[in-house]
Amino acid sequence: MDKQEINALLEGVRDGSVSVEEAMLKLKMQPIREIGEYAKVDLHRGLRQGVPEVVYGAGKTPEHILGIARALRDNGQKTVLVTRMTPEAAALVAGELPLRYDALSKTGVVGELPEPTGKGKVVVATGGTSDIPVAEEAAVTAEALGNRVVRLYDVGVSGIHRLLSHMEEIMSARVIVAVAGMEGALPSVIGGLADCPVIAVPTSVGYGASLGGIAALLSMLNSCASGVSVVNIDNGFGAGYMASMINHLD
Amino acid sequence: MDKQEINALLEGVRDGSVSVEEAMLKLKMQPIREIGEYAKVDLHRGLRQGVPEVVYGAGKTPEHILGIARALRDNGQKTVLVTRMTPEAAALVAGELPLRYDALSKTGVVGELPEPTGKGKVVVATGGTSDIPVAEEAAVTAEALGNRVVRLYDVGVSGIHRLLSHMEEIMSARVIVAVAGMEGALPSVIGGLADCPVIAVPTSVGYGASLGGIAALLSMLNSCASGVSVVNIDNGFGAGYMASMINHLD
Amino acid sequence: MDKQEINALLEGVRDGSVSVEEAMLKLKMQPIREIGEYAKVDLHRGLRQGVPEVVYGAGKTPEHILGIARALRDNGQKTVLVTRMTPEAAALVAGELPLRYDALSKTGVVGELPEPTGKGKVVVATGGTSDIPVAEEAAVTAEALGNRVVRLYDVGVSGIHRLLSHMEEIMSARVIVAVAGMEGALPSVIGGLADCPVIAVPTSVGYGASLGGIAALLSMLNSCASGVSVVNIDNGFGAGYMASMINHLD
Amino acid sequence: MDKQEINALLEGVRDGSVSVEEAMLKLKMQPIREIGEYAKVDLHRGLRQGVPEVVYGAGKTPEHILGIARALRDNGQKTVLVTRMTPEAAALVAGELPLRYDALSKTGVVGELPEPTGKGKVVVATGGTSDIPVAEEAAVTAEALGNRVVRLYDVGVSGIHRLLSHMEEIMSARVIVAVAGMEGALPSVIGGLADCPVIAVPTSVGYGASLGGIAALLSMLNSCASGVSVVNIDNGFGAGYMASMINHLD
Amino acid sequence: MDKQEINALLEGVRDGSVSVEEAMLKLKMQPIREIGEYAKVDLHRGLRQGVPEVVYGAGKTPEHILGIARALRDNGQKTVLVTRMTPEAAALVAGELPLRYDALSKTGVVGELPEPTGKGKVVVATGGTSDIPVAEEAAVTAEALGNRVVRLYDVGVSGIHRLLSHMEEIMSARVIVAVAGMEGALPSVIGGLADCPVIAVPTSVGYGASLGGIAALLSMLNSCASGVSVVNIDNGFGAGYMASMINHLD
Amino acid sequence: MDKQEINALLEGVRDGSVSVEEAMLKLKMQPIREIGEYAKVDLHRGLRQGVPEVVYGAGKTPEHILGIARALRDNGQKTVLVTRMTPEAAALVAGELPLRYDALSKTGVVGELPEPTGKGKVVVATGGTSDIPVAEEAAVTAEALGNRVVRLYDVGVSGIHRLLSHMEEIMSARVIVAVAGMEGALPSVIGGLADCPVIAVPTSVGYGASLGGIAALLSMLNSCASGVSVVNIDNGFGAGYMASMINHLD
Amino acid sequence: MDKQEINALLEGVRDGSVSVEEAMLKLKMQPIREIGEYAKVDLHRGLRQGVPEVVYGAGKTPEHILGIARALRDNGQKTVLVTRMTPEAAALVAGELPLRYDALSKTGVVGELPEPTGKGKVVVATGGTSDIPVAEEAAVTAEALGNRVVRLYDVGVSGIHRLLSHMEEIMSARVIVAVAGMEGALPSVIGGLADCPVIAVPTSVGYGASLGGIAALLSMLNSCASGVSVVNIDNGFGAGYMASMINHLD
Amino acid sequence: MDKQEINALLEGVRDGSVSVEEAMLKLKMQPIREIGEYAKVDLHRGLRQGVPEVVYGAGKTPEHILGIARALRDNGQKTVLVTRMTPEAAALVAGELPLRYDALSKTGVVGELPEPTGKGKVVVATGGTSDIPVAEEAAVTAEALGNRVVRLYDVGVSGIHRLLSHMEEIMSARVIVAVAGMEGALPSVIGGLADCPVIAVPTSVGYGASLGGIAALLSMLNSCASGVSVVNIDNGFGAGYMASMINHLD
């Protein structure tokens, strides 16, 4: 509820068109719709934050995911992104709604992918092939939120020429998502080469002293390159969302 | 060295205006100037990344800082930002060069603060008063890189009304830097309120189980809000730099 | 064995109604009943601590759980709460004793839920829907111990208006249990809003840098709000028990 | 701002006694007073949460502490508790305001200690003598907030008879603060003996594998006793505040 | 090879009864027998350390365990203890050799349990019922190495009277093994009561902040009681072995 | 692309035999062949680093492994080492290509093992039998890269005579790979005995406080012996590769 | 208070020589003497545990230490061991009482060292020279408690011959204290050589990945040798006390 | 004592030139000389391991360092390397012995630097200027052990062109020491470029999430480049020693 709305409401009270009780109610009322007993969905988020509601699938039953997706669609949301979606949930949803499901990244898109509305290109790069599932979560998220995405996979720092042979893509990006496990050095090298913001995503790829991605995470937080910030381990969605937000700035 | 330069160089070789040896040299030559024996300074960085070279003062002697600042100034750089600058270094530099020094954040600016060239406003918010030194490092960095900065200090989540009374500033930001120690919850709440990117900065403020800022760092990495990414503990500079980069996107 | 009992015992010895040997025995005897070989059950706990014995089901076989529950019932305990109860244990117990089993929180109540005897209301709030199983363990525990419980689920800090729209419930609570995973910020915000004690329960909900709930735990321990204390990760029972104890204070 | 106030405000708008602009202002206005540039002080907290504002002295200059204390006193607050107060700050404040300063726990009380208003007694117990500074922070906090406090110091579990000889005090408490470093077992033993809530405070007392209090913290979080919750390492204030809150419940 | 043997060998060389080459060989020869390709078994260990070779079953196939047990028996060892023995291995070994297998602690004894040769009694105590498997590994180990064992199970510190009612057993022990998970406080309390060495065994019993037994381990290492030392998490065997070694000292 | 190649290229441009566009292309072109969409294989690595490309099997499907192996073979690589190869992948590859598969270490060698070209012997030692799978990964790696390997298994430091009886092998090594879990002390002892480089490999063998190999890793990093360096937990391949590199130095 | 004393007390009550009130008092009374307000000293500990009270000096003022030592002496204790004693405390105590102070280990002995009453010899060994302060704390503790001590310093595992040249001392020990920092491997090697109990003491000697002694601690907890148990980092006192207890077993 | 010496000894016993007692003595005697009471110095190490004894200065008094250095010189060792040497120790030693002291790396060389005897060049590279002290410890160590050293400082991965402009030095190395703090990515990039072994040295340079060098250490252990092994944080000496050992292999 923004300033104009409060203003209008108060003027309504002054001129009698709105009763005190109605105003009290409105001031308390939230643009939230409860779906069954299991979730509060924020239908106005598209207005407030410029992006539609996304469904985080982990820990939700296929039935819940379907219920939420249907509610969002009924409310007029054209594209519903579902992350961490199990194949079972995908099968259930696909039986009722138009769904594009990517089994590798466990990401589903209900409805049409929107036309790109971002200002430039989002580059998604990975250190190795094992990082691709996380990278795809970022890439599909960015696409579902209206961005053109360029994928640069398997360009890790131990073969630096692989990365250098893609300087053109790197220099043409408006924002870069750099995904890496193990030593997590990719964002530092890209951050030193690029002149745009870099979102670093550590992955849980590795073993032993990788500590489930902690090594890569620490590495990225300590990047000696400027213009690098970090999201949680394996959080491809968060990086894609952040990249989209940056790419849509006027 | 970009594509055009390589192109020009190769055409020079073809038409004989550049010898093979000269070309070889140029292909290897880097726009780096060695200052004494203690540092390689990247003079072309302003061109390549759109921002001038910054001096990270930690671990450098006052003499080194002065030497580097002078070299950058001689090379035509109008504003030289120095972070983690001790009062001793500030005293030495101020004796020779025009310096604005902020003792709280240990940040110095040699020369003039530039006119704001960023597209919008950078909001820098803190949870408590103890977080202000880190926040000021972010704020001065952003200002030195050409941004208008709005400061919202001491608006932590345990008194949520303090934050809510500043919704107007939050909604008018193009990018927000949220600085917090202890439980580090500020970026999550701001991330849920704002419709622009949020750069979260954990601080080492706290004691006991704050683990020198690790608690706040983990909290921010696990933010349930979208559009939040994180930099290292106490890394005000990194957040200010990232914010400036985002704020200067066309 | 309290002061009065020792007094009576000694007087019995003095007047000869109790022999030295009997007194010696009594002084050593404990109000503990061994059930088979697998557990010592504290039958007097209801008297001493004001609450009946609870069965912690983790690591116990269905047969053991049934045995302990039956023994408690035989001793006159009307309500037996069983936590961390597997569906298998529930099925076995339900065949012999009246059982209300909640599969989500894996909590069972043998016998009748008691009438609320607490002074006020216990509010149980969660940050997200995934925290509900832990919250239900707290809620059912509180109910089994004689409390009225108000549930406020999915009111996490990244959508602060969801929480603010329930200020009335928050302000009317006598004690609040705040359950959250990921960044664990909910107790800090509630602690700043409420004027009653808040028991914070971190959950293992999350991934990557949530470290199985450690991130939320640290966040809660570092809460900048006063009046917040913390129990172990996923320890809904402990929070519900503590809340009940507080709610029953005269 | 509670329901009645909003109601009154809206009725004022309706009958014209309050203009729309004034109402808008009031809806936004917060009961916060900015003191210089360094702090926002919450003057209404005494009303809202039932306890007066407390000054957390760590990281504040003596001048800031004096300024805040004077402002609170000017606002009519009779007792101002200052925690983590350096001797320097104490000396400065004592020059202007009536101060009781405890150098061991670094706690200061400006003005009179209030008459006890709590329902019962707060027992503060420690495992060893080295834990006393933290315990005193808890005890003085509780006293400053209107509680009778009973101190049981040096009753650690490796000499269990020391604790058992104080059963009477333990059984007569309305809430217990149990403070311990090293293995942190005291709250578990007390929790098993007492029939009231126990607030556990780990201290950083110890060396080596005590990890600055982490060992005691983990021990307390894993307590096998019910009715125990935990605050941050060395957070005597937090425990005393929580204990007071519980002790003042009707 | 001890001093006497070297002496005899050298005298043999001097008087010609042993050749230089033979002596060289003997000096290098080790009392180790290779069994197939998978293990070197130390047949002289019984002589050197006073206890027979024990088979650590984890990571060994049933066939390997059988092979080693048979080789030890063929070498004259009457009792062969096998720890971490799967039911499959037990079934295989029991088909060929006389085996007593305890499924709870996964411990097997091939051959006869020896007569107790230790000087006194080994008391094995646990905090809860879930710690019993680890305690039984300790108890069976001690029995297999020739000790009388007294078991005190489920005497954890949150019900201190349970422990105090067994003071007689505690005071009559020559060495105590104290086994506990969760907060791991049992050894501290026992260490304060007993006048004999206490071997503390943390167990991985617990959840959340128990960190797989790390909490109990740290607690025990920080014990404020003297005369307590610690073995690895769940290492019942190590504690039983150490206890036996102490109990067999002349 | 080395100096000579750049020289030749530039001379070609000068004399017109190479066009500017071709030169531009060559300067960017990398000796990398993309196989399907899933991997970039570095065919020139054999030339550049002296060792052929190795396939890290973890996280790759059997089909991917087969595809990469076939591509490397087609490119003329005689021996293809595959690490972390599942039995399923081995079965698939063995159906098409000549494969030697070791199920214990999950290592496969496609094609012939090369003749030893290393200067001396590589000794691979383990502390226990459970460390053998990791040791075999190191040993097979070294063999596949052209080294003679001597295996010394089960020579851990708790039976130091087992190690001392193999001094001859230790002293005759050119480089030693020392593999150990649990306390990880083997490399320290060997490092003190040997006069050649020692590569230490911690293994995840152990339980409880071994923390999945972290204990052994830390132990090795803190070795008081000189001439010891460390690779990741369970990284037999890395140690074998490093050993081969050292053993092939002229 | 043991069985005989309770018996006598009860008989006294029966025959009227002890009143009920007196008996009640005695049953509650503890053999503890409060010294000033700062410590409870257990004067009966010498009787109960066979060893006199020891003063842990850390965190105590010189005046407190002097006060406690004097009280113990007044109570008839001939030898008072003070650990972690600062030079300032030593100077103060030495002015009033006969004190032997070792500045290296910061250990003081007030009064005479007792005649050795232990059954055998306690061997104290260290890996390096930097571990000697901790070792001396153990050695002086053992001597103050009545043990003959043999010191074997600087016999670390990276020069295994240094240790092996002292086999005679190792084999003649009744209990061994093995002190080591860095990789902490000494107890494992000694544990494999000796046939008596080994108390392992990790020290904080080292840097970087030694993590203040955690590396050595973990190493010792994971020892592959049997008959090894561990005390806290730098806890020389604890090891010396445990060794003395074992050495005094009949 | 090697095989030939044992052989000769035994032949001496056989032919009567050596008595049994003398032989026994020799078999036990170690080539170790005790200096005062504070250190055992291994005078034969030069023979056994091919490198002279080095003095680790940390924790040693200036007097001890001087004593050890003098003893080694008296024994004929021409070059004595002292690491972690304080300026005070340097001043004392320089008063008596010829010393070259580097205050930056705190490294001293007593006597002449030897002529290079290594086969090739040792390259020592750093990520930043703050890593130089550790790098110099490695470089001086290598020089003191007879190696030519090439220094490449401040070539970190966030400005990859700085490193690439030194490809010639990298390709001409026989072994490389790569020193880096913060994200520790340098060894991975160098490991991918070079065809020789790389010794990675993490430094404690950084702040916050660098965790005193743990982030860099983990990063290096997880390097995706082959041919990289790691030493302890800040262990320049260990890396220089290992590099020298590799560089001296025939």
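Letters A, B, C, D, E, F, G and H name the chains as they come in the text, with residue numbers starting at 1 for each one.
Just so we're on the same page, a contact is a pair of C-beta atoms (placed from the backbone, for glycine too) under 8 Å apart; a residue touches a chain by one contact, two chains touch by 3 or more.
Just so it is clear, the model here is predicted, and its values are computed rather than measured.
Student: Quickly list, by label, the chains bordering both chain F and chain G.
Tutor: E, H
Student: Counting hops between chains that touch, how far apart are chain C and chain H?
Tutor: When the steps are counted carefully, the minimum from chain C to chain H is 2.
Student: If you average the CA atoms of chain A and of chain F, how far apart do the two points sit, in angstrom?
Tutor: Centre separation, chain A to chain F: 38 Å.
Student: Determine the centre-to-centre distance between chain A and chain H, using the mean Cα coordinates as centres, and give it in whole Å.
Tutor: About 49 Å, centre to centre.
Student: Starting from the mean Cα coordinates of chain C and chain D, work out the distance between those two points in Å.
Tutor: Spacing between the chain centres: roughly 25 Å.
Student: Hunt down the residues of chain E that sit against at least two other chains at once, touch-wise.
Tutor: Only 159, 208-210, 214, 217, 221-222, 226, 232-233 qualify.
Student: Check the chains against each other and report every pair that touches.
Tutor: Inter-chain contacts occur between A-B, A-C, A-D, A-F, A-H, B-C, B-D, B-F, B-H, C-D, C-E, C-G, D-E, D-G, E-F, E-G, E-H, F-G, F-H, G-H.
Student: Which of the residues in chain H come into contact with chain E in the complex?
Tutor: Residues of chain H touching chain E: 6-7, 10-11, 13-14, 16, 20, 23-24, 27.
Student: In the complex formed with chain D, which residues of chain G make contact?
Tutor: 28-30, 32, 38-40, 42, 58-60, 202, 204, 212-214, 217, 232-235
Student: Within the complex, which stretch of chain A touches chain B?
Tutor: Contact set of chain A toward chain B: 2-3, 48-51, 54, 119, 168, 171, 174, 194-197, 199, 217, 221-222, 226-233, 237-239, 241-242, 245-246, 249-250.
Student: Any idea which chain A residues touch chain F in the complex?
Tutor: Result: residues 129-130, 154-155, 159, 161-162, 165, 205, 207-210 of chain A touch chain F.
Student: What residues of chain C sit close enough to touch chain B in their complex?
Tutor: 127-128, 156-160, 164, 182-185, 188-189, 191-193, 206, 208-211, 214-216, 218-226
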